[in-house]
Every structure is written in structure tokens, then in C-alpha cells.
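All chains are identified by letter, namely A, B, C, D and E, in their written order; residue positions are counted from 1 within each chain.
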Amino acid sequence: MNWVDSAIAMLPEHFLLAGIVLLVALQSAAPARKEGAFLVSLAAVVAAAAVAAWLSLSGFAFAAFTDHYSVGPAALLAKAIVLALAVPVLLISRDEAGERAYSVLLLSSLYGVCLLLSADSFLTLFLGLELMSLPVYALVLVDYRRPRSAEGALKYLVLGGTATATLLMGASLLYGSGGSLALSAFGAALSSSDAMASAAVVLVVVAFYLKAAIVPFHAWAPDAYEAAPVPVTAYMATIIKAGVLLAAVRLFGSAPIAPPIADVLAILPLLSIVWGNLAAMRQQSFRRMIAYSSIAHAGYLFYAFLGDGDGRFQAVAFYVVAYGIMNLLAFASLPRAEDDIARDRLDSLKGLFHRKPFAAVMIAIAMLSLAGIPPFPGFVAKFLIFRNVFAAGYTVYAVLGLVGSYLGIYFYLRVIQYMFMSTEEPEVKQRSTGGLTLGATFLCLVLTVAIAVFPGWVIDHL
Amino acid sequence: MGDAGLLNLVLFLPVAGIAAIIVLPPRRDDLVRGLSLAVMIAGFVLTALLYVRYDASLDGLQFETRLPWIAAWGVYYQIGLDGYNVLLVLLTAFLGPLVVAGAFTAIQKDVKLFYAMVFALQFAMLGTFVAQDLFVFYLFWETMLVPLFLIIGIWGGERRIYATLKFVLYTAFGSILMLAAVIYLVYSLNTTTGITSFAFADLYRAELPLSVQTVLLAAFALSFAIKVPIVPLHTWLPDAHVEAPTAGSVILAGVLLKMGTYGFMKLAFPLFPDATRLFAPVFGTLAVVSIIYGACLALVQTDIKKIIAYSSISHLGYVMLGLVSLDLIGIQGAMMQMVSHGLVAGGLFLMVGMIYERCHTRELAAYGGLAKLLPVYSVFFALLTLASIGLPTTSGFTGEFLVLLGAFRAAWPQYVDGAVYPMVLSASAVLGVVLGALYMLWFAQRFLFGAAKAPHLPLADITLREKSILAAIIAAVFWLGLFPDEPMRKTELAARQYQQLVAEERTGVSVSAHRSEPSSPPGSSPLPVTLPVSSRTK
Amino acid sequence: MLIATSIALFALGLLGVIVRRNVLVMLMCMELMLNGVNLSLVTFAQQQATAAGAVLVLLVFVVAAAEIAIAIPIVLLLVRRKDGLDLDAYAELKG
Amino acid sequence: MSHLLALIVVLPLAGFLLNGLAGNRLGKAFVSTVGCGLPILAFAVAVKCLVDLQAAGGAPRIEVAYTWAAIGDSLFEIAFYFDALTAVMVLIVTGVGSLIHIYSIGYMKADSSYARYYAYLNLFLFFMLLLVLGRSMLVLFVGWEGVGLASYLLIGFWFEDPDKARAGKKAFITNRIGDAGFLLGMFLVYQALGTLDMDRINAAFMGTSPPAVSASLLGILLFIGASGKSAQIPLYVWLPDAMAGPTPVSALIHAATMVTGGVYLVARLSGVYMHAPEASAVIAAVGVFTALFAATIAVAQNDIKKVLAYSTISQLGFMFVALGVGAYGVAIFHVYTHAFFKACLFLGAGSVIHALGGEQDIRKMGGLARRIPVTFATFAVATAAIAGIPPLAGFFSKDEILWYAFASSHGGSPLLFAVAATTALLTAFYMFRLLWLTFFGRSRMTPEVEHHVHESPLSMTGVLVVLAVLSAIGGFLSIPHYLAPMLPLPEVAHELEYFETPLVVMSVVVAFAGLAAAAFVYGDAGARAEALRRRFPGLYRVLCGKYFVDEAYDALIARPLYWISDRVFLRIGDRQLFDGTLHGLAALGRRTAGGLSRVQNGSLHLYALFVLLGIIASLAWGWRHG
Amino acid sequence: MIESVLLWLFAATALAAAALMLVLRHPMRVALALTATMISLAGIYALLGVHVIAVFQVLIYVGAVMVFMVYAIMLLDVRDRSFTRRYSRMLVPGVAAAVAFVAILAHALWRGLPEAKSAPGVMLFGLKEFSVTFLNEYWLHFELVSVLLVAAVVAALAVIEVGRKHRG
């Protein structure tokens, strides 16, 4: 029975893998069938998400590979969340899905995320992280509309490689001090006073910071986000971030956090919040602005680790869901244009309300939610995190974080200001919004409303 | 329909209004206007019904709804009417149709969005007033910003972007600190009493050391003081008022500013009574400074709307003074002053809007002798001016008189005991009455009297629609001026409760004192801050 | 001693990324970082007498190869456009 | 319980509403009927109440209309109180008021805002009756502010003229300053006694255990209010300007009724003042000084109404002297006689102005005695009355004031008497000067004005005659004795009683001396007056400029207030300090954002350096603690 | 004893070659220096007794990665400013930071380095033992590596295709 359980445990991954295999096969068999590639990838992701959710709800837990890979309801739920967030991403990537490799790369990356969320050892974690990242380096320039994309990809790759090396260095020091490459060694090292262990912890945390774009390890993010096509930016902003953070939750477990590390876990995220929010204020590129916004949000997310160990998953998961949906809502509603650069310019949003009222309202909702203004989900998410931080006694950090979040309000409002209050009508050749994109928008909208109206229900189920 | 259902209906009627507006066919602005007015009137009628059925002799909440909402945090969807909010809810519902009707001709751009935003604002304001759970309160409180941001920013005047950003960023800054305080407060309640709850009633029992109370009070007070606004946190107000469209100004002055004073009364002061008592002189001073400072600035404005805006600062100062007096008469006066200012300032802004629609300027110097040009308009304007001055028989008098009497009554014993300062304060506040007459009459004199001039001639006097709006306000003004007893009876128990709460000594750290009375109903376990989900991450 | 060497290699690699303008040199410096890590992993594996470290090193080999496999085409793309390997020329995305 | 008192109040209110809302549509006849009829009706009801009062043996009648507010233990009722004092005041208000309403039919008939005028006038009566009928200080205050409003509206009745509108505003604001004092007094008394009912307040102060509050402080605060309403120094400045309103208004509001509100207030609260010797002394001093001060100004005024206005201030000063020395009944007596003769004078002046088509400068009059004989005759009687020529009404009241100023044990003194007597002399002088310049001598009118001169219609002259008669015989009704049960006259030291007769004689002499002096100076077509003027140019300029008090107030209060508001509060406070801070913070944020953008300079080297530095910082932090 | 000396020697070579990498002007020479480092490391691995890794180091790294690298260098035989000006503006702060990094980490390790459980030079894993362990315990990773390689190949192909598509 063991291998059956193993198979079930990895069922989401298997679905994704099947999708990959099918796609590769399809590509060699019928290179022209773009529709098929899209449908296959969509089916794979939906199936994987559904299975993960179902397994999670049924309370399935199994250590498929002792010390390396195990699933439990939480891990499965995390996978379900990430995979579900990938559905709108796929829906809005009709144009890009035309590129043959796109779907394969996306599925591979998702496979990596799933792996990441089940990892029990640094080996698996490392592989998951790489599998998650490597395809994205290519995805950044897969829809090569701008020469600059390559530059963004390179920066992402080099700093991503640095992150890998840093993670490995940390893992190796952990290994050296504790004799184990199991993830649990990290939790133990967190409370250890051993200098080597704490150095290891710092290095591992830095690697996660690099992946999640926490100041000062954030610098790749604005450039890569701007370089990437819209769906990939959305993918990076939501799923990569969600994967990294949820993996971090798994890494930290419920281990308590002691002062020196706690400060690192507070000061740099705080810096991110402030930096991200300030730097976003003067951006002219929508994606770049979202990049800085995501830097700030990564800060909030890492704040969750200051909180009590048991609440971290809930806080991060809720935040990731709310934040992901909001970003996707914004990206899905972003009107399409012939010219990618023009589409990206914030100026092209001016007067959007008069051209596309629905899109404008959707983007406005997304912006307000990202700004943490109630009644939108972003507020409850932020509340949850800061509540935990307060409860853990980090009052000063919590207050500073909140004040930092205040700085972000302006640039989100600026987008709304452009859309609603500007009478200018920029010359943008727009294309009509596809049905799938609209579907993604509605999906996000429904979820937004659901979370806004029943946050209690959502929290109870996380 | 059950009692609680009625209140829910009133609260969610604006949401229904938004939904209705969305489904209306495009380019049928007249339909949108008519529908909005109908919904608003229905809302007012229902609210009036609530008001009539509100039993003044009962303490506590009426028409209460309490449903678990975020069970894990002890957050309940809890709304209800009590003496604190009953008048303000009525005021909000009353101004609703007037705002809608007042914007019929003024708003020609994006009509659908405009009325949707007005409804959203109405929803948020009603929600803020009726919320009995701090989380829900905060939710509504913040939500208010969004529609107003758009209303000022889209339909406002020339510097609307500046004004609306200033307003939102200013207000949001206060809110963010309040949010910190809210979380900390709830957390403290949990650690001292073991109760996890956001319900006002539970939070009133939190026992905090004075230093903590002080810090939390400062955070709450900052947020509320910005909203009131209290000098020196007021500079957003003139800009917001001036740039906002008429409807925005009316709502801003009529209801929104009361959020601040309501917050002080319902939350900031009763939650942290010991700190409040300690800092009452500071708040009193700020209140009096606001009264005088606002009046002085109103005196030197050349923009009509700014005069009224600064007068609002002055008038809200009375409310604050009444609240910090902790005297029953003063508190009741503050209540009356809140409603009165809502009516009077709202009415004045409506009137300014009417003249602005005709002449497209707000420069006072452009006008003169309107009494000749627009006799009916002028009569209404004069009446509102007098109410603003606080002439007896108008609502303004009721408020100011009771506030000043209360403040004096509270200050005098201290004076006899040797503390001159409170006495100086209340005497200075009385000076505000003089200044109030000075700037308003100066304004009315330039505006209504003298040689007739206006930028656009000839002017059409106000229409039946406008007359009806103003007549409704005037009627309310005189109702409160002549017969304030009936409304005050409904607020009396709340005023007493407020007085008692603030008078309580609550620095005690005795944990056991309140432990025996769990507030949560059976079924929802009083949760500690640690969350129940934990196990899954392992 | 070997750990110190490993750290030094790691640092030299990172330093190379920071200071060398040639893109290909930069990529090689990344490899150097990974080699530094490998050294420490092997050393610890040897000290602990467990296979996990060695296995990880093996995985690193593969990943390093994969990274280079993706990196080189990207560099090709860049060079084709700018006809140069100078990283300072690739600073168009900023702000 | 009947609601007769409420009826008295409501009648004029009904008039106001009818005229105000429907007057323009229903025509002048309707307006006149309602406007005059309802006050007359109110007068009738007041008489009925007086009869009832007498029948009840003087026991006050109390009517509670409704509860205005009940807060905790505090009860604020709208209640009316009717005793002898109220009776006198109500009858004056409704009686003289009705007469002036009738007079206005003729005076205002050409005005386009006829209905508005009557509405305002009725409104005034309503508030004035509230003022005198109110049992509680709250009701009194409602009336108090209300008459201020009516006065404001009527002064600015011809609002197209900015000066007139400004005069109305000035009256209101000045009154407001007084009201602030009144309010404080009201708060103080409420704080001490828990009631605002004036009969209770008096009772409390008269009782065996006096309340724990300084009666003098209370008295002075209330007197500040009274001095605003009754135009005493330093708040008198509004009254001369108030002459901008229609002349009947000046007669009614600014001579006969409203301005005596302050006197009424002090008399009504005699219980307090009897126990407040300091406050009483202040009142007497302010009163006598105001009387003298205003009289000197009146000597040099050339506007017929301004002369009368200053004379009113001066006479009010006399009343306060009486109040200050405890002779409350006497003060009311003077209110009563003053109402007649001053109303008669103003209405007469109105008749003159009417006859001359709006001319008010007495230098452009003269020789009118024959042209408008009825006006002249009545004006002359009233002038004699105010000057204190026996046996006219003014003689009796003024004589009593002078007597008590001298002899009252409650603050009377020879000095007070001397100043008051001087003022009386001046009064006679400037009044006869007015009479002389207006009616005697040769005409100085322009020909076209002269051509139009005509006697006023019957509605006006009839009223003049009635008032003249009352001015003549009113003094025989001894109000002080009637009021003595509730407002006892102050005791007079036994040894001073000898002076009574000589003082009577002296006051008669003073009156005639003034008459003679005026006749001497102005009898020869103004040559002697001119000589005097040249002799004392400085004094003349000061008097003409009314001691430059308005200018001083402007420079000392108004301008600094505006200056501080504009320069300090608005420019420095709001714009630089508060907004400046905000803008500074915003600019800081923008600059920081710009700096951060520059840091993100696109160089991968720099980004990698960030990473290294970040690692070092993180490690160092752990190391420092580890 | 001899092992110890060799270990020192290899380590020194590796470090020296690594340092040379930062100094040498031509990428080809840098590549050679890197190869030298790698071979030195392979020597160390062999000395430590981890022969499998030493073999893979030579095979995969030197044999595959470096060959690919050299191939790229030759393909892109462009000479530009990065040859004449080797260093970015971050040279001084970079060097300082790197020194600080080594100092801090070395300091941390100085105090925290645990006792070695086995002496260097002891043969730990022969090829056979290693293979058995690997396929017993780590076959998941083996499979995953294949997925990773598929993804990497697809990614590389995608990038190359992008280049091909936009050449003209």
C-alpha cells in the first residue's frame, strides 16, 4: 500500500508532470496546435489544484519519502492555494501560451513550487527552489517583445544563482553544525546559540529574502518584473512569492524566534516595507510599481514570522491568497494594447474609467486592497499579520510596520487617480479583452467579494 | 419584519442602491437620479421609523444584531442603535436624500458612479455609527475614505487632486495608528481578562495601566482629532471642503466630521478613562483653541466655502468641549451640537452649491446684495446663518448653550478650589460665541446685503426642488432649537453611560475582577490570541 | 581550514559578480561560488560521515549545469543586441 | 390653567408668520390689519392679565408652556411669569408698541417691503414679550437675543445701503459681546443654584442662607450683558449707528423698549443686586458716567436722530444710576416715562424727516413750527418732559432718580448727585437746542425741500398726540409705589430727608437753566453758537467726533483681531506651520523616493553588492548578539 | 601527513586560481583559472575520500560545464570595454565587503566548528556504496533531477528560439 499512498501524496505533482510530458509529446507531434497546449496546461493545473484541495480537506497526510518529502493537510492546502492562483495566470496568458515552451515552463515551475511545499530536507528544498526558478528565468523573455527583457532575465538569473549559492552555504553550515540536512535542523538552529548555526540560519534566511525580494536583496525584482510579459510578472508577483513564503513557513515550522534572528526578521522586512512603498511612489511603469509593491508586501509577509509559530501558516496563507488574488485581478484587468511598453506605462491608464469602466473599477479594487484599505481582503490579511506580531510582543516593530504600510497608500491611490480623475485621453491602441481574461477577472472578483464578506470562514479553514 | 431586521435594512439599503444603479441602462442619468432619491427617501423613512420606535427608557442596544463573523478573533457582526448613535443615524439618513437631490443639476459627469459613491459613503457612514464591534467599526471607518476620495477627486474643483489626496493621506495616517492601538487594545483585553472580543461592551472593561492608556488614547485621539478636526490637525478640511463638490462638502460637514467626535465619545474617552481624565485639560484647551482659531480664520477668508469650513472647525470645538467637560449637560449639548452642525453646515454648503451652480465662483467679493436678487434664497441663507451663530430657537443655540453651560459647570468648582485654568477655558469658549457672530454676520452682510452684484445676471431664484431641500433642513433646525427635549431624552442614557465610563477608575490590573463574566455567548469559545490552526503546519 | 577555503571561494565568487564587468566572467564567478559551497558540503559530509552532503553536491553539479545552460543563451541574446560583454552596457532597466 | 401669557407672546408671533410668509401676496391692508391688530390684541390681553393680577392681590401668575430640556436633574422649562413689574413692562411694550405700529402705517406706506417691515416689527414684539414675560433666564435670553436679531434686521432694513447693513451688524456684534457676559452670569447662577428661574434666584438670595457664589461677580457679569443691550459704556457704540433703521423702529426698539431690557434685567434680579453692593456701585458709576458722556456728545450732534440716540444713552444712564443706588422701582418709573416721551420725540423726528423728504440734518431745518404744527406741539411737550419741566412725566421720574442718587443708603452720594444733576442740565440744554434749531428761527432748507414740507397723515399725528399726552400726564401714576411691594425703595438716612425739598427745587432750576442756556445760545440764529465753536475748537472737534471711541475700538480691537487672524493664524499658522509641515513631509517622501530610484541604477554589480552588504549586516547583527 | 600537505597545497592552488579569476583580463584565461580551481577541488575531494564526487567534479564540471563555457567564450569572441576596464565601480566597496564577509563568517565558525567525526583521508564512499545509498534513499532526487533537466532543456531551447526568432 505504501507506493499507492506515495502516488497519492504526489498526485498534484503527478498531474503537473503528466501535463509536462503531454505537452512535450504534443509539441513534437503537432507543433502547430496551440489551443491544445493551452488546454492541456489548464487541465493539468486545475486537476492538480483540485486534487490538492480535496486531499487537504480529507486530512491526508503521508511521508512519501522519509526525511525528504511528506505531505499533510497544510502542505496540500498550500499547494492548492498556489495551484489555484495559477489558474487565473494561465487564463490571462493566452497570447503568451502561443509560445511553445511557455506552458511547459509554467508547469515545471509550478512543479517546483509543489516540491518546495512538501520538502522535508534541504535537498528537496533546493531542487524545488531551482525547479521553480529556472523556468522563470526563461519565462521572463519567452514572449520577447522587448530587447530589454534579456537584461532583466540575466539580472534575475545572476541574483537567483547567488540566492542558490547562499542557500547552499547556509544549508552546508547547518549540516556542519547539526549533522543533518533535514529542514527540522533549521528550526533547531533558530533557537541555538551556536555561532555557526546562527550564521547558517542567517544565510538561509537571506536566500529566502533574495527569492522573495526583501531589501536589500530586492534589486532584481523591479528590473525583472518590468522585463517580463504581463502574465509572467503576475506569476512572479503572486505564485513565486507565495511559494517562497509558504516554503519559509514550512522551513520555520513553529519554532520560536529569539532576538538576534528576530531582529533580522523584523528590520529587513520593515526596511522593505518602507523602501518598497517609497520607491513605488514615482514609478511610471505599472509592472515596476507592482514590483516595488511586491517588495513591500514581502515585508509584511515576513513580518508574519515574528508572530507565534502556530499562527504563521494561517497568516501567510491568508495573506498570500488575498495578495495574490488582488495582483491577479489587477493584471487581468489591465487593458491589452498592441504595444507592450505603452501598455505598461501608468500614463496609459489615464482616463481609463471613461474607456473601460469595468476594468478601471477592478483595478481600483485591486489597488485599494493592496493598500490595505477595508473592506477589501488586503485589510483583513494585513490585520491578521499585525495582530500576530502584536500578540508576540513586538509592539514597536508592529507599529513601525503599520506606519510603513501607510507610506504605500499614496501610490496605489495614484493609480486610481489616473484612472478616474484624469481627463486626459492617452493615445493607446487597445485590443479587446478576451473572454478568458474576463473569466480570470470574474474569478478574482468573486473570490475578492467572498473573502471580503466572509473572512472568518476563510480564516477558519486555513 | 423584526426590529433588528429593520436596522439591517436601513444599513444595507444603500448597497441595494448601488446594485440597482449598476444594472440600470447606461446613459439614463435621469433614471439614476430618480432611483437614488427614491432609495434615499426610503432609507430616511425607515430610519425615522427606527427613531420613533427607539425606546428612550431602555439602556443598552436596541435593534441589535450579533452574528459571528470572524470567529477565530472574536469578531462579531454586531450592530445596534443606542443613545450614542441614534440621532447621528437619523441625521445621516436625513441628509442622504438632500444630498442626492442637491446634486441633481450639479453633477452631470459620470452620474452613475457619483450616486454609487454617494451610496457607498452612506453605507460606510451608517455602518460606522451602528457598529458595536471595534473591528466592524474600523472597517466601516476606513471604508468611508474611498468613496469620498473619489467624490472629491472626480467631481471636485480645480485643485481637487491635491485636496483629496491631502484628505485621504491625512485621515489615513490617523487611522493607521488607531489600527495599531486597536490591535494592541484587543490583545491587552485578552491578556488581562482572558476575553477575546472586539465588542465595545467588552472593551470598556479592559483594565490597562495609565501609561498604556495614555499611548492608546493618543493613537485613537489622533485619528479622531484629524477627523473632527481639532487644531492643529485641521488643514485638510478647508481644502477638502473647497474643492469637493457640493454633495461632498455636505456629507463631509454634515456627517463625516461627527465621526471624529462620535469616536471620541464612543471609543477614545470611555476606553481609556484614566488617561482621559488626566489629559482632559489638554483636550479642553485644544477644543477652545479650535473654537477661537477656527473663528478667527473664518473671519479672514475670501472664499465662501472656506468660511463655512473654518466655521465647522470652530463649531466642532464646542462638541469637543462638551465631551471633555464630562458634565451631563455638556455631553447632551455636544450631542445636540453634533446634529445641529450637521444640519446647519450641511445646509450652508448646499446653499453655496446652489449659488455656485448659478455663478461659478466662490469668491465672496464677487457677490453682494443677494437679498435683492434672490429673495427666497436669502431668507433661507439668513436663517441658516442665524442657526450657525447659535441664535436662540435654532438648533445651534441648543448645542452651544448646553455645551457652554456644561463646560462652565464642570469648570467652576475647580475654580473655587483654586484652579483658574478651566475657568479661563470656558470663559474663552464663550468668547467664541462673539467671534462666531462676527464672522457669520460679516459674511452674510457682504453676501446678502449691500449693492446688488453677482457674476452672472440675471439670476434665477431657487427652484421648488431646492426650496424643499432647504425647508426640510430649516424645519429640522427649528425642531431641535425649540423642542430639543424629545431627541435628548433618547440620548440621555448614553450620555450618562459615557459620563460614568469616563469617571471610572480603570487602571487596576486585577485580572480576576471581570473574569467571571464571559461575554461571548455559549458556542464560541473565548479564544486566546494564539490561533487554533497551528497544528496543520506541523 | 577547508571550511575557511570554502568561504573564501564563496566570497571570491560573489566578489567577482560584484566587480567583473565581463558577463561571462561573472557567470564563471557564480560557478566559483557554487564550488565554494561544494567544498564545504563535501568537507562536512566527510566529517559527519553521512552521504547527504555528497548527494547535495551531486545535485549542485546538475543545477549548475542547468543554470549555465540557460544563462549562455541569454548572454548570446544580449551580446547579439549590444555586441559586447560589458555588463555596464546593460543597465537600461532602472529606477 | 389658562394660557393667557402664552397668548400675549404668541399673538405677535402669529403676526410675524402671517406677514412674513403671506404678506407680500395679501396686500398692504391685510398686512396693516394683522400687523397692528395683533399687538393691540396682545395689549388687551395684557390688560386683562393686569386686572387678574390685581384681583389676585398681586400674587404672580406662572404659566409653564413646555419643557425645553430635561437633562438629569436639570430642568429647563419654557415658563412665563407675570407680576407687577412684568405688568408694567408688558403694558409699555404692547402699548407703545401698538402705537408705533399704527404710526408706521403712514410712515412706511410708500416702502416696497411693507410686509417685511411689519413681519420684523411683529417679530420684535414677540421676542420682547418673551424677554419680559420669561420666568427663566433662559427664556429671557431667548427674547434677549431675539430682540437683538429683530433690531439687526430692522437697522439693516434698507440693506442695499452697505452702511446700514453694517450698522445692523455692529449692533448685533456689540450686543453679542454683552451677551457673552450674560451667558457667563447665567452659567454661574445655574452652577450655584441649579435653576435659572428668576423668582427662585431672587428668593435664594433673599433667603436666610445666601448661596455660595459671589453676588457681585454675578451682578457684574449680568451687567455686562445689560450694558450691551442698554447701550452703556463701553458697549454703547452701536446705538447711534442703529439710527440707520426706519425712524419708528428707532422709537420702538432703540428708545422705548429693547434698550430698556438691561434695566429690566437688573430690576428683575434685584434680589441679587441688593446683595451685591460692589456691583451696584459699578452700575451706578457706569450709569452716571454714560449719562454725562452721552449728553456731552449730544450737544454737538447735528443729525436729529443722533441727538435723540445720544439722549437715549444718557437717559439709560440715568436709569442705571437708579438701579445702582437700589431704587429699582424708580428706574422702571423712568423706563415708563422715557418710553412715552422718547417715543414721542422719535416719532416726531420721524414726522419731521417724513415732512422733509428724508432730511435729518438740523442745520438744514429751522422754522418748521408753523409748517407742521401738530408735530411741533407734540415734540415740544416731549422735549419739556425729557428736560424735566414740571409737571410733565420726565420731571417726576428724573427728580426721584436725582434724589436717590443723593440720598440712597445703597450707594447714594453727593458726587453722584452732582454729576447726575449736571447731566440733567445738559439734557435740557441739548434738547432745547434741538427744538430750537428744528422748529424756530429762519428756515435753512433748500427750496425744493421747502416746497414739499407737509404735515403727516392722521395715523402718525394721532399717535404723536397720544404719546404727547402720556408724556405730559404719565408722571402722575406713581410706578415706584405700585412696585414697592416687590421692589422696595432704598432706605434714606434720616438726616438727609431735609434735603428733599431743596433738591426738588434744584432739579426744576436745572431744567429751566438748560432751557434758558439753549435759548441764549441758539436764539440769535446761531451766531453765539458759532462764537462758542470758534472759542473751543478742540473741544468741539472731540465732541463732534464722539470722543473718537469708534476709531479707538477699531484700532485697538478690530484691526488687531483681523491682523492676527490673517497674518499670524492664516499665513504663519495654517500656511507655513501646519501646511508647511505637511508639504515638507510630502517633499521629503518624494525626495526619498527619488533617491531610492537612483539607487536602483540598473547595474547588476551594485545589486550584487547590496546582496553582499545585506548578508554582512545580517551576519554581523547575529554575531553582535551571539 | 602527506595527505595533509597535499590538502594544503590543493587548497592554496584553488584559492590562488580563484583569485586569479578576478584579475585576469581575458575570459578564456579566467575559464582556465576556474578549471584549475575545480581540479584542485577535485583533488581535495579525492583526498577527503569522497572519490565519487571528485570524479563527478572532473566529469561534469570540467568536462561539461567548462567546455560549454569555453565554447561560449570562443563563440562570443568580442573585445570590448570589459577587456580594458575589468572592474566595475564597485571594486573598492566590493573588496572591502568581501573581506568583512570572510572575517565575520570565519569568526563565527572559529567558535562554532564542531569536532570532526572522522579524520581526513579515510575512504568514506566508494562508487558502489555511494550508488547504493543514492538509489535507495535518494531516488526521488534522482527522478527530480530529470524533471529539472527537462525544464532546463526546454528553457534553454526557448531562449535560443527567442534569439532565433528575433535575429532578423
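Worth pointing out:
The working rule: a contact is a pair of C-beta atoms (placed from the backbone, for glycine too) under 8 Å apart; a residue touches a chain by one contact, two chains touch by 3 or more.
Remember, it's a predicted structure, so these values are computed and weren't measured experimentally.
Separation of subunit C from subunit E in touch steps, taking the shortest path, is 1.
Listed by label, the chains that touch subunit B and also subunit D are A. Using the average of C-alpha coordinates as each chain's centre, E ends up farthest from subunit D. In terms of C-beta pairs in contact, A-D outnumbers the other of C-D and A-D. Inter-chain centre distance (subunit B to subunit C, centres taken as mean C-alpha positions): 62 Å. Between the Cα centres of subunit A and subunit C there is a gap of 25 Å. Mean C-alpha position of subunit A lies 41 Å from that of subunit B.
Taking each chain's centre as the average of its CA atoms, subunit D and subunit E sit 102 Å apart.
Looking at subunit E, one finds that residues 88, 90, 94, 97-98, 101, 105, 107-109, 113-114, 117, 138, 141, 145, 148, 151-152, 155-156, 159, 162 touch two or more other chains. Along subunit C, residues 3, 7, 13-15, 17-19, 21, 23, 26-27, 43, 45, 47-48, 55, 59, 63, 66-67, 70, 74-75, 77, 87-88, 90-95 each make contact with two or more other chains. Annotation for subunit D: residues 597, 600, 602-606, 608-609, 611-613, 615, 619, 622-623, 626 touch two or more other chains.
Every pair of chains that touch is listed here: A-B, A-C, A-D, A-E, B-D, C-D, C-E, D-E.
Subunit A makes touch with subunit D in their complex at residues 154-155, 158-159, 162, 166, 193, 195, 198-199, 201-203, 205-206, 209-210, 215-217, 219-220, 222-223, 259-261, 263-264, 267-268, 275, 278-283, 407, 410. Of all the residues in subunit E, the ones that touch subunit C in their complex are 7-8, 11, 14-15, 18-19, 21-22, 27, 30-31, 34, 37-38, 41, 44-45, 48-50, 52-53, 56-57, 60-61, 64-65, 68-69, 72-73, 75-76, 78, 80-83, 85-88, 90-91, 94-95, 97-98, 101-102, 105-106, 109, 113-114, 116-118, 120, 122, 124-125, 130, 133-134, 137-138, 141, 145, 148-149, 151-153, 155-156, 159-160, 162-163, 167.
Interface residues of subunit C, counted against subunit E in their complex, comprise 1-5, 7-9, 11-16, 18-25, 27-29, 31-32, 35, 38-39, 42-43, 45-49, 51, 54-55, 57-59, 61-70, 72-77, 79-80, 83-88.
On the side of subunit D, the complex with subunit C involves touching residues 597, 600-605, 608-609, 611-612.
Residues of subunit D that touch subunit B in their complex: 66-72, 74, 138, 141-142, 145-146, 149, 152, 156, 159-162, 165-166, 168-169, 172-173, 176-177, 179-180, 183-184, 186-188, 190-191, 561-562, 564-566, 569-570, 573-574, 577-579, 582.
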